């Protein structure tokens, strides 16, 4: 028995997708209202041969991969660090998870203007105080800058989940390991990390969903540049949809993005096993 | 009660209008104004989506010189005719009016206009015993920049737009290309990005800005440069004339008395070396409150409104560049050191003849065709990439040429059909 | 392998004193069982020995050397936890070799030790499984194997069988007894199951509220409990306690009957209050009005081999009598209970034992 | 006392200090934003940065003057709250179906749902805009509520599904034995028992909706515009703007930040996605 | 309150047959215990009766009316789950009144019933607590209370005591027995603990692999098991099985000794293989070389009241002998075992019982 709600959900989800599929076969440019016509797969061909297409796919994967790596690694380290009780633990956790509540646009604006600005940003001041030349974040390390911002936004999510997971860790296992002669590092390596395998899988899965769709941060800071340095797939689609107003090509791009997402998901699921839907 | 939804850009002048519109509401108690204030790019996307899909969300929109004629031609805008005599249509600057019309039919009324001019720091020039000519060339600018550049003291020789965007770096780059004798398209719509003029201009731009510009110029747009100049970090700055009001404003500038003004630099020609941009108010054809909307936009662009601004914020805050009468006003000219340069820039920028070579398009720093936004954004991103040092200028111009041609082709420019 | 001395050990959690000054010696090769009701501090003492908790005051010596301040890793003791605490992501083999791996023992040596232990515990076919794929009893054996492999100086067990069902528990009990004989290891074993304590221990240490009530061989505790608490704690069904007063040579029960006092019972002042303790097997059923005591049968539990008869004796309370499995008795009927002369314990008013029946 | 204890205490202190340091670094951008919002525009841009300054409320005053903050905040509240409720109404029965009447396709369907979440919004803007226009729903809160709910549904269904899956079936069977209908079983037993999980799901949905910027910007003008649209109206104007931008950002994020801080415990306990037993 | 008839009931999960055609009648007021090893289908049968699983074929009748297709809510049976399955978000009171609430019973009536049940189970002081704040035994009682309040036609229990520790288990066992007497209710009780089965049941149904091996009173199953499986399943320590051949009037053991065959043992063809089954209490220890059998003492378990001696008899296997708690015996020593004439069971080659000792 599949409940009617599942069916409703299904319909609900399929409508936008179906419309996208439909539009992807049309020449449909908002600026030329009269010229709409069926063009088959031309939109896909156009999208694929877009000069930035390959770069954007690479950037998308780089962005997703690096942010995942940063958030998982630092998320694990930080959550292990703050796991044991200490004075002010509650406040520390509160501070740690705060970035999660900040709008992406706001984070991007704050990082771009207040922190990473090479002339009057806080980082520039730090570098100068330390006797170094300020880094030109968005021109010299554009993708890295985006990665940093996005990682900062998503780190709290990873920390949240890992803290939750650590709370459920079996204390007696740790003690058993201590009696077996394990020091803190060995406990971390042989007990904590394996215990976090599933939460890590979850973080990877959930974050991938969102990271594949990163747009606001790029739009607000670099607008995909300089060059194609920070153009990812959603941003490329954005240029189609809202600069060229080419709905057909944008729809095609959207479908390509879904396919790419599924490819990524396929590998993720291969990587992290069945732990997501099975007990 | 009539509710007017007004889409507008978050510029200083527009924000001022938003505040002053309380007076309008007081005078028209049956009209309520709802403001949608967005930054330029977002606003443009928002308005385009709405107007092209006939969404009917806006009664008054703020559009630029780029959209006005295109949208007017598509009949997405209401033609503004039979304006009352008191409005003084003929008082509008001719070049500005030309920008907002299609075949003589006016589709939007100008709120303010700007040309591009050269800002410089008189104190720094004096210190180095330099003098800025009235009509500098880019070559001269480069020379000054080299002398003024002193990063250790936080002074950068020249600030220019580097942030990608057809309304950002491409506005400046296009005027430079124009000055170097180039153009976007030849008469048969073949792109000329790969031409020697483009190569010279862009190489010059990238070289100068990388050497004597602030750090990370590829992410600086108008705002960032303005901030830099106001913080006293730029020796020179070539940008929109509206900034004159800001750099001389004591509440936000650290160098209000040290700013000098000159024409935008020329090179092989002066033609098209200064841009012309107008923010204008228009009424979408889909609005169901045409009359109220018309009344409002006429008020907001009237001489009376100018007077109101002068009275509230000082005379130099009057919306620049739209009315001849403003520049006939001695008080304004005296209070506003950059008025004359602005006026000249606007008077000389002829959108129908932006280059020494003939062109098939209208517009100084842009072409009023729907594809321009796309192709210029694309080229802009490539150039900012070159500025960031990622790629070679010559290579990206070649790539851009192909990409632009591809887009033009898809849009049917070379098709017999 | 080792002797353990505990001297005036105390442990407080915050303000609550959990171990209230324990002195104890565990001999080499001894199987020492900590027994006691829930919450009496058995686990805490074991964890103090293991080094998982810090002692508040007092000393712990292993073979005469103080280890009170050593971290657990350096005490060379092995512990089998109640929850087994197997490493869930490691195979049985890895679980067992973990400590040796950490100690950087030669792989070949490790392999050999693991194999030998697995053989002893019949874990060989399971070596490559993960704990999740094992039954309760198998996990139990892995936990023990993990301890054995290390050849520790003392084995510590914290209720290792309490998560198993009855029949597995019986089986594993025998297994542990066998291991003790085989390895001649010193073992400390926490439980609150007296069957385990009785069958496994050389020495039982019975705790109550952070103190040792009595220590000694299981038989000693069963047959010569030093006080009511110990007497009541050991034996199922429980010993019955009958209030009485000592009047010269007789003990007068609260229900009025009088029975001869055992000859060796200390006299005390006349009329002093005592408690008589009788275990079910020290009583037998008699026809109505022919027993020492008369009561009514409440419940009969027939276990096949035995039957327990629960009687209510007016003014005295409940008594339990053990009989053969096919005992003839009817629920609700009146019945007599036969009390053997001298076949009972006597406690004074403070609950201290003053007389035990002499072994036959 | 002993050496061991002393060492442990030192380590604990070090650890606490490190934790605080990391937390402050992570929090710094937000702190800096809040500080900047109380500076003058010139002060916000000055170099070296002002660490000690006379705070001014000028930025806040100007924002209040230019826009009706309460109106935007109210819209944010209504749309994110409404979408959360709507989402829960759909997600709970769906998750119930997945968790308690699983079929072979359950896993596939769940995965497929998650993957639709990866369709970039910009790709479907125009179709959605057209639908909304035809339904006359442009610039309405209803539209945003529906869209937000739609966006968050896959995650919500998945989260609730994982909670439901971990609920002992015995309890539901006990209710069935006690004479409960399916509806009563859900309402009187399942929902109260999974309250914690549902609360965290709702919180997450609320946060995500509150922070959503693309659709709220593109589908609203004034009536339904939430706080993210307000932020957009202060983003990158001409002239100096960092202080005002910081102020408006602070205003936009403060409510959800306070809510998030208040519900920290719930989030820390509840965000398991079934990864924790 | 009700009788239950089960007719040729089967249940398959996918391709695995779990219940293989069960016929059973549970009488009114009967306390029927389902006993059997793990996985034999006890719980499944109980859940079929409850309506939580759908039968594959066969019929279930309650007071003669078919209920096979009724949903659980309409069968009016109450079930006590192994995990108790209390509603964690409701107080004890709400847990107990939930079913009545759903049935829209008058609040005052509900209140009265809950109060009465709480009094019986001594839950009154706990009525406003949530399950999380209760101990295991208390939760257990709430689960039972929830069933009692409903006054169901049959009570179903699925291993209700298996999560309790030994002493609590003993106590709750008595409690359930008392309840059964008090309410005279029909009860079906699943367990794999034979002590529970023996002490509680009027009728024990012993399952094995989805089939009923034997049903009858506990004494009948203990004393007259129909086959080896039943004999081995009941009694701890287990009955010992000795291989033998029947030679005329004698049974010749595998170890060579010969003992007289009971007179009533069916003759069968000469030399047929039989198995002799003896329970520990049917054996006694004798001095070495003076018993029926001779062996070596392996392990002695002293439980205080009793002692179990495990012996190894060459060529025969292991034997268990029960003796008094203070039995004199030494581990490792040789000892004799006394087998009483006719005091044993005999099974044929198929394991079917062909002789039982006669009650004295």
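When the chains are written out, they are named A, B, C, D and E in that same order, and each has its own residue count from 1.
In this text, contacts are C-beta pairs under 8 Å (C-beta built on N, C-alpha and C of every residue); 3 or more make two chains touch, one makes a residue touch a chain.
Since we're looking at a predicted model, the values are computed, not measured.
Using direct touches as single steps, what is the fewest number of steps from chain A over to chain E?
Contact-graph shortest path, chain A to chain E, evaluates to 2.
For this structure, which two chains have more C-beta pairs in contact than any other pair?
Greatest count of contact pairs is found between chains A-D.
Centroid from C-alpha atoms only, then distance chain A to chain B, rounded to Å. What do you get?
36
CA centre of chain B versus CA centre of chain C: separation in Å?
91
Can you check how far apart chain C and chain E are, centre to centre, with Cα atoms defining each centre and the answer in Å?
Chain centroid spacing, chain C to chain E, equals 26 Å.
So what's the Cα centroid distance for chain A and chain D, whole Å?
Chain A and chain D have C-alpha centres separated by 16 Å.
Where in chain C do residues touch at least two different other chains?
In chain C, the residues touching two or more other chains are 71.
Two or more other chains touching the same residue: where does that happen in chain D?
45-47, 125-126, 232, 235-236, 242 - these are the residues of chain D that touch more than one other chain.
Of all the residues in chain B, which ones touch at least 2 other chains?
Chain B, residues with two or more chain partners: 45, 49, 53, 154, 227, 231.
Name, in rising order, each residue of chain D that touches chain E in their complex.
168, 170-171, 173-181, 184, 188-189, 192-193, 195
Taking the touch rule as given, give the residues of chain A at its contact with chain D in the complex, in rising order.
Touching chain D from chain A are residues 1-6, 8-10, 12-13, 16-17, 19-20, 23, 30, 78, 81-82, 84, 86-107, 109-111, 113-115, 119-120, 122, 124-125, 128-129, 152, 155-156, 160-161, 163-165, 167-168, 198-199, 201-202, 205-206, 209, 212-213, 215-216, 220, 233-234, 237-238, 241-242, 247, 250-251, 253-255, 257-258, 261-262, 265, 269, 275-277, 279.
Could you pull out which chain C residues touch chain E in their complex?
The touching residues are 162, 165-167, 170, 174, 177-178, 192-195, 198-199, 218-219, 222-223, 234-237, 279-281, 299, 301-306, 322, 324-326, 359-360.
Going by the contact rule set out above, which residues of chain D touch chain B in the complex?
Counting only chain D, the residues touching chain B are 41-42, 45-47, 65-67, 125-126, 129-130, 133, 138-139, 217-218, 221-223, 225, 229, 232-242.
Under the definition above, what is the set of chain B residues touching chain A in their complex?
45, 48-49, 52-53, 70, 74, 154, 162-165, 214-219, 224, 227-228, 231, 233, 370-371, 373-374, 377-378, 380-382, 384-391, 396, 399, 402-403, 406-407, 410-412
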